[in-house]
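Presented below are the structures under discussion, each in the form of structure tokens.
Look at the two complexes coming up: chain A is in both, with chain B in one and chain C in the other.
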Partner chain A sequence: MAADVAGARRTPWVLLSPSLATISLLLIVPMLFIVVYSFWLRTATGADQVGFYLDNWIEVLGDRFYRDILFQTLLIAFYTTVICAFVGYIPAYFVANTRMKSKAFLLLLLMLPFWISYIIRTMSWINILGTSGALNTLLISIGIIDDPIQMLYNQQTVVLGLVHYLLPFMILNVYVSLDGIDKNLTEAAQSLGCTGFQAFREVTLPLSMPGLAAGSLLCFVLAAGTYITPIVLGGPRDAMFANLVFEAIVTQLNWPLGSALSLVLLALLGALVVIYTRYLGIDQIAKSFK
Partner chain B sequence: MDDTKRYERLLNRYRDRDINRRTFLTALGAAGVVAGVTGGPMGMLARKAMAATPEQVRFDGWGGVVSEAFEKYAFAPYTKKTGIEVVSGTFGGADEYIARVKASQPGEFNLAHLSGVFDYARYHGLELTSELNEDNIPNLKNVIPTLVEPLRKITGGTISAVPYDYGTTGIAYNRKYISDDEAKAKGAKLMVDEAYKGKIGGWGEWKTRIWYGAMQSDQDPNNIQDIEAVWDMVRAHRDLALKYWSSGAELMSLLAEEEIYVTEGWSGRIKALQDQGHDIGYLDPAGGLGWQECLFVLRGSPMAACEELLNFMLEPEVAIAVAEGQSYPPALDPQKIELGEVIPTLPAFDPSGTLSSLSFFDPAYWNENEADWSKTFSRVQRGY
Partner chain C sequence: MMSGWSVIRIATILVYLFLFAPVAVVILLAFNANQFGSFPIEGFSFRWFEALWNNDAIVRAFKTSLLLGVLTAAISTTLGTLAALAMVRYDFPGKRTISTLLVAPILIPEVVLAVALLLFLQFLSMPKSFGLLLMGHVVFTLPFVVLVVQARLVSIRRDVEEAAMSLGATPVQTFFEVTLPLMLPAVMAGMLFAFTISFDDITGTLFWKPGGVETVPTQIFAMLRNSISPEINALGAVMVIFTIALPLVAASIARVMAMRKVGASK
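Up next is the complex of A and B:
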């Protein structure tokens, strides 16, 4: 009897063991390497000095430069998320409530950007907003401006590139949430005297908040961790925290400092995910990928 | 008994039918898993495989027309003669490649087309250099001695690479907006001229920014006395610049699309723009920044095979074809080798073969300051 109980207890672990082993090898072990690396030092030749040194952590946590760039990164991620939320809600609402037969086709269109490389999508803005790009050419040809306007290579274009990249994530999350709302609820609200807008404000919007929150979390985390967009669309000053990680590891060959920097970003974004999970549950995000 | 012997014994037992196919594959798979998880044994096996006469050597370069020229003129005849296959890879930048090599096992990467002296010193600092047997590379005698000597100085008399081509990082400007006379008169200071605010570019690489900052503050870039004055110039340039470019393609696009009117640029890339019909001027200011690229053999590589390949790549026919492909003069001495009609027309070409008009990064000086200056540049770039 006792052996049966012990066997029954072991079974889930046995079944889970391939997944646990994979996660351990591919996620936890590399992460531990990064933690260990962050306590090493870079020597003058670029080689690593093995040991237990707190220098990198003291530098990362004590230097205003890193705090400022981190703040700037969070700010850019925040702007991006807010814009994605406002711009993304409308198409999500349309797709969820459309009576068109081609709803599946609309969903396919939402997925279409993922088929094109993120870098190519980002670089496409150079051809649109550049001095001799499509927009300037159009404005000049219809006589609105005489000389091209400088639109590229600033923080606004970085945010624009991020919105372009992340908008589908927001739309999909909000769509999943809206699609799950019982249509009878809004009809009931309207039959009790609500206007269409009131029904939306009092019923649809609150019920779609989990999707909006899940989309916002995804957009924020992905935006805060990006480094390609500022390189392609940013000016000399425009950088995000991930650019510092890239520079430390690739340009300066300072893997220990890069490890400490990446752990700071990971901890911060991880904390956000934990807070979200605590109050809203992570399963909302998973729904949009089903 | 080493891993190779174990494998050979296992294979013999299978061939002799001592063990069946299933047992053989199971044993092999188990060994692979163990080696893969532990890392070390597999790495040792890889080193042994590379140390013997190899079936292939790996070459990494910049890709594009250069790789095509290497493939056609060097790799194919080399494989035909030796039976050794050249596996060709590419990288996007010197920093990216050194990071990949640093994370690899010795012998995993063999030859690479790298930026010259400064990076050579970095690889030496990381103990990644090898020792070439120059007797196996007879074509080395045709290379400009001025390019070989700095390499010898770093590695104590021996060399781990052969110089392959050279070029300059000069000032490129759009002649529609900036005349040749103005460019010549202002020199490096053209790039901190307020008149061109928002139309100035620059390579976002710390060494080049500091080099030009030194020139703009009238200092010798290889002996900077007032680094604060240099940082002030880097800041001034940053505030006037529209964009720091990070690749040759981006440099060409910014100039061709007239997003910027002036930037420093690589001589070969500017020549390519001129050949496309763009009216772009190019100026090497006094004390202009020269550089060389070399073919580097990494520690742990099969040396004899690599030396033979280097000799193939230094054949005048190959070196000239590659040079014409990338618009950078070859490292072959024009006093010894007839370089044809195109090479003398390339920017930065020195018919004397002395390169006396160019200045190069002093590797000892710049490596000594690398950690400090690269980190400071990262801050200055972001507004500090």
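Up next is the complex of A and C:
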């Protein structure tokens, strides 16, 4: 019997061990490694000088170039998040409150973008806004313009692409918290004399905050970590921080510098995640998987 | 009041249009007969799909993506399902920490995860390879599998297993005869999730892929950077149809299987 109890105690660890081993070996150890690696030095010959050098960190934290791009990255992520919050709240509210049979269909449609590749959704905007795209063709055919105008490859199109990519995350998270609100609450507020809008502002909106916060966190972190959208939809001046990481690692092969750069990104976005989970818990995000 | 709701309804339709119109245009242009594959639409044609079929690089990329997706799904679903079982069925010290650890790959920006894994394996003198690509895809699909399987596993009642055991089944028999069949939809869902995430991934893949090896997303990316070739829309259309048709087919197979089971038990 004692052996049985010990066995039962061991079972979860046996089940968990393959996953934990994978995550430790392929994630935790590599993360610790790049922390150490960021203090090494890439020499002119291409070999790494092992040691404790602050050069990479001084370059990354001291150079205006990096700071400007970091600021630009956070700004783009901020715009994206705010737009997603405003634009995403409305359909989330509609889907949560509609009595139509189409509710299930609308929800299914919301899941679709998750199944469509990010690169395709990003590049699809070239068909819309490009010089031979839908919008230019339309404007020329109705005679508003004579020659196609270049609408692509600027900061706005980067934000547009990111909003398009991240909006479903926001809608789904807000929907989950709106759907969980007891309808009697808003009815009670209204029967006590609130107008519809007051009931929304005083009851629905505060109760949907956890979803809005979870959606915003996801949008911000994913937007700030992207490097594909600025390459596909941005101009040469619209590089984001992750583009620097890619350049350092893949193009310049300066791995210690690339390590320091990615740790800066991790520290910033990680801090956000930690603050968020401290106040709201990680469970909110997991909810949208159900 | 009614008018407020109408405004919300119209806004919702507009947002849905915003989400889907660009993708619809990709599919529309894929069938366009125009010699540049762009507007105006000049008729219906399969020429871009033919061009895809005859493009060796694209066919190779498709095979690579398919193999990578299938292997990733198999490994990550096996690992993830075991972990999800442990998390749902057992209580043990340190459960919260483990739970955070299991979703850690989602919390870390993919770029950082990609850099760390790449540099660590380079440090161990392991060159970029298909194996590295596979390891990377397993790590970041794992949390999704754990979350998806866990969410569906909660609803499986333990009484059925206890009944099997009290009727004399061994724990192993119970697992294979009772638990696994009940879990199958959850496992399938996790597998589909892992496959699609792997099949669509580009951020990590661009870091990990060896020179000369392309997956479909990196192939599209390379085609975008070189010159906008009209085949891109056809390739995009194939990808969209593939990743959307797959879950739908899987869902209907699951439904048919469930119906049959109900029929058999009657």
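In this text, the second predicted complex is superposed on the first by the 267 of 290 C-alpha atoms of A that agree within 3 Å, B and C clash if a C-alpha of one lies under 4 Å from a C-alpha of the other, contacts with A are read in each partner's own complex, and residues count from 1 in each chain.
In this section, a contact is a pair of C-beta atoms (placed from the backbone, for glycine too) under 8 Å apart; a residue touches a chain by one contact, two chains touch by 3 or more.
These numbers were taken from a predicted model, which means no experiment stands behind them.
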item: Partners on chain A (chain B, chain C) - clash or fit; value: clash
item: Which superposed partner A:I231 touches (first chain B, second chain C, both, neither); value: both
item: Partner chain in contact with A:I69 - chain B first, chain C second, else both or neither; value: first
item: Contacts of A:I128 with chain B and chain C, given as first, second, both or neither; value: second
item: Residue contacts on chain A - larger count, chain B or chain C; value: C
item: Which superposed partner A:A44 touches (first chain B, second chain C, both, neither); value: first
item: First, second, both or neither for A:K101, with chain B first and chain C second; value: neither
item: Partner chain(s) touched by A:W13 [first = chain B, second = chain C, both, neither]; value: second
item: Which of chain B and chain C A:T251 touches, first, second, both or neither; value: first
item: Partner chain in contact with A:R278 - chain B first, chain C second, else both or neither; value: neither
item: Partner chain in contact with A:T22 - chain B first, chain C second, else both or neither; value: second
item: Region of chain C that runs into chain B when the structures are aligned on their shared chain, from 220-228, 238-246 or 256-264; value: 220-228
item: Common ground on chain A, meaning residues reached by chain C in one complex and by chain B in the other; value: 126, 130, 132, 231, 249-250, 255
item: Sites on chain A touched by chain C in the complex; value: 9, 11-13, 15-16, 18-20, 22-23, 26-31, 33-34, 37, 87-88, 90-91, 93-95, 106, 109, 112-121, 123-128, 130, 132-134, 137, 164, 167-168, 171, 196-197, 221, 224-228, 231-232, 242, 245-246, 249-250, 255, 258-259, 262-263, 265-266, 269-270, 273, 282, 286, 289-290
item: Residue numbers on chain C that touch chain A, as the complex places them; value: 1, 4, 8-9, 11-12, 15-16, 18-23, 25-26, 29, 36, 38-40, 78-80, 82-83, 85-87, 89-90, 92, 98-105, 107-113, 115-123, 135-136, 138-139, 142, 144, 146-148, 151, 196, 199-200, 202-203, 206-207, 216-217, 220-221, 224-225, 228, 232-233, 236, 239-240, 243-244, 247
item: Complex contacts: residues of chain B adjacent to chain A; value: 93, 95-96, 98-99, 102, 122, 125-127, 198, 202, 204, 206, 238, 241-244, 246, 253, 257-259, 367-368, 370-371, 374-375, 378-379, 381-384
item: In the complex, chain A residues that touch chain B; value: 42, 44-47, 65, 68-69, 126, 130-132, 150, 152-153, 231, 235-237, 239, 244, 247, 249-255
